[in-house]
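These are the structures in question, set out in turn.
Here chain A shows up in two complexes: once beside chain B, once beside chain C.
And now, the complex of A and B:
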């Protein structure tokens, strides 16, 4: 555990050394969120609510869903893993006495925490000041949302690791990366909330683990579900976490035999 | 002493993709990639006892790094078996990693953006080094490798020599039983090389840490490793001591004589003239172990000897002799100028 935390903290501090990128990333995220909010303004066209969702709720959805709960990081993780494998840098990790998926998880977690603190939070504060930020539906909903937030980040990382590990077989992971990016953008509900999906697709999307990345956490934040439903689905989310973690472990143990460390 | 590292009939075959020319070729190799097996390591057997220092030597592409990767558990052998401290390194990678230290000269184990001390701290936690042992090792190693002046600087600001010293120090923080080094002196200047060599042979002597290092710099081996293993094209060529290598590959000692006047025809029993003009004469000596005094006594010349030099063959010469006898002309093993024939 101490090693895990040490890795989290090291990768957090490593991010802090890329401070020059920070401003640009904040600006980039601001522009993206601004675009999303403008789109929703256009869609709503002055109507107070669509399908029972108010424009105020839609703005929070775009704001938090596009920052803390974004599935975008998955792409970065897949890219990171692919690069490590292609360049042979994975060798350095494998020399350490720790499980590779655990190390990956810890390093990615450090990066994510940094991004939340120094990119997501500033963006939420700035946009909140401009457009107003609707608070969570209730205190219990807020507490549950924190649980959902944790599930969301872990599902993003596990999905990305699962896809990234396929770089061991498919040497060029770029194709996988694009596939996953499109898939997650839609199925997480990050682009469009699943409640606006057509019937059948909505059913499927709600059941898949990806909807725990953006859609379910936001639905709970906005109080779309009662507390019983929210707790129940948090547990289902944890079930998905366990299933994905198991998948990562299995794929990794198979990949292990496949490892070809490049160069040197 | 019992072997702590052993390789039995070890081989490693890589499938290298063959790229085909043209767009059609690119498409074809995308649909059905053509691969060609490369035997990076072939049928190698050796065993190393605790406390030994062994140099693993061979030209580019000989399969040295591949062997180190198999011994450190990051590659599996295709055939045969490697055992390190009684374990199969790949199957018990984590347990193996805890007991060994590894330095890859071409790659860093340090955290690039963080101060050096952070990498050490992370190492302590990953390897679960007890606090007392860690502070003792950190102090001793920083002192020996002179790290104190830059220990708080980010690794990316360090010079190559500083980084390599840090790299080696870190690999020893957890008191590994074995230290693997893949080209630890690559790119270092003479002074830095000297520091690293002295340090490694001291660690080997004082702590009894078993050392295996690969290198292109033959002086590394002369100064650190009493035993050397020579490989080429994946195969084992030689395993033994340096003098034994010289003997078995037949590199000769060279005697240079300088006379005070024109010596005319110079004769020396058991030696072959190999050049020289004017006042200088050179001989290649048979491997008969005669001393300099005995050699001079056997000398027949019409003038007095003013100066004499006896050159032990360097490993380079030994290896060159080997390649020449094999009839292939490999790339020079190091950057040093070739010895005049």
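And now, the complex of A and C:
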């Protein structure tokens, strides 16, 4: 556990060294959120609420969904795994006294925590001051949202690891990254909430684990569901976490048998 | 001049032949990238099926817009993105010093020797959307509108190549440019939507200092007969001129940075 925390801390500190990069990322995220809010302003023009969702709620969805609950990091994990395999660094990773997926999780968690603190929070504050930021529907909804946030980040990382580990067989992490990017763009509800999806597609998207990345946490934050439903779905989300973790363990153990280290 | 052109063509042929050695991987890359873009376009389609329009643009019009944007981008990026995205590593690793002593322009060498045919997915998706959308948007075809379509696409490709060149040239002076590519792509994502939905300051930025509004918004608006804020009747000419002007500006900026290049150290 101390090794895990040390890796989280090292990754956090590494991110903190690149200050100009951090400033650019804040500007970039502000632009991205501005685009999302502009889209919702444009489509809501002259409408009060659509499917019971107001423009104010959609601004919150765009703001928090595009920062704290973004699925963008997932593609970075796939890319990292691909690079580790392509460069042969996986050999030295196997020699370390900690499992590679666990190290990857710790490093990504450090990066994610840094992003939340120094990119997401400033962007939420700035855009919240400009466009207004609705608070969570109630205190219990707020507490549940924190639980959903943890489930969201773990599902993103485990999904990305699972996809990335397939690089051991297909050797083309770049393509896997694009496949995942396309999948998550729609099914996480990152840009468009699933409540606006056509019937059949909405049912499928709600059932898949990707909807716990952005859609379900935001639905809880905005109070779209009662507390019983929210707790029930948080438990389902934890079930998905367990299933994905098991899948990562199985795929990793098989992937280890694929590694052949040539000479030294 | 003739020898240089034949050398550049030879470099492209070499690169294409190398990439074609792994055909299955190439087809997977095309499919994957097409799928990645289709995911985002599906989200936009969902918005349009639920809300009917974005800032007055219907789905067929948006499909034409997205197809134009994707195709123009792919045509410019296949010559520049992958080659110049790693400019800071090229500079810091000392590889750029070696390029400077070769008897060929370093930019031309980098761009043509790294010609990337992995944009097949983008091109097929872009063409597919344009071919699907064109019969549905009621464009009255004439010589000027045909010129607008093809000239606008070339201009869009020029803008892409110019912007990527400008960002990569920063690495010659700053030795770091990768994070600037992140910023470029944030603005690039803005240009995937009609500029008219953004605040006036962003509309102006996309039509002036960051000319990504000319990648699709201005030419497609002209084709559809939609008014373009700030440009008005000047829009068709501006759309065709933006690409070549961006190329001139990028070439000047590249030379400016090259004059200040002092090596990667080490």
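Basically, the second predicted complex is superposed on the first by the 259 of 264 C-alpha atoms of A that agree within 3 Å, B and C clash if a C-alpha of one lies under 4 Å from a C-alpha of the other, contacts with A are read in each partner's own complex, and residues count from 1 in each chain.
Simple rule for what comes next: a contact is a pair of C-beta atoms (placed from the backbone, for glycine too) under 8 Å apart; a residue touches a chain by one contact, two chains touch by 3 or more.
Note that the structure is predicted; figures quoted are calculated from it, not measured.
> Report the partner of chain A that touches more of its residues: chain B or chain C.
When the residues of chain A touched by each partner are counted, C comes out ahead.
> Contact-wise, after the overlay, does A:91 reach chain B, chain C, both or neither (first, second, both, neither)?
It touches chain B, and chain C stays clear.
> Examine A:231 and indicate which partner it touches, taking first as chain B and second as chain C; both and neither are also allowed.
Touch status of A:231: no partner.
> Let me test your reading of the model: by the given contact rule, A:50 touches which partner, first (chain B), second (chain C), both or neither?
Second partner only.
> What is the contact status of A:126 with respect to chain B (first) and chain C (second): first, second, both, or neither?
neither
> Mind working out whether A:21 is in touch with chain B, chain C, both or neither, as first, second, both or neither?
second
> Which chain A residues come up in both lists, the one for chain B and the one for chain C?
On chain A, the overlap between the chain B and chain C contacts is residues 18.
> Can you list the residues on chain A that touch chain C in the complex?
So the residues of chain A in touch with chain C come to 18, 20-21, 24-25, 27-29, 31-32, 34-35, 38-39, 41-45, 50, 170, 172, 174-179, 181-186, 190-192, 196-198, 201.
> Tell me, which parts of chain B touch chain A in their complex?
Spelled out, the residues of chain B in touch with chain A are 14, 65, 68-69, 72-76, 90, 93-95, 97-98, 102, 104, 106-109, 111-114, 118, 121-122, 125-128, 154, 182.
> Over in the complex, which chain C residues touch chain A? Could you list them?
Touch residues, chain C against chain A: 25, 28-29, 31-33, 35-40, 42-43, 46-47, 49-51, 53-55, 176, 179-180, 182-183, 185-187, 189-190, 193, 197-199, 202.
> Quick one: which bits of chain A touch chain B in the complex? Just the residue numbers, please.
Contacts found on chain A: 2-3, 6-7, 10, 13-14, 17-18, 88-89, 91-92, 94-99, 256-257, 259-261, 263-264.
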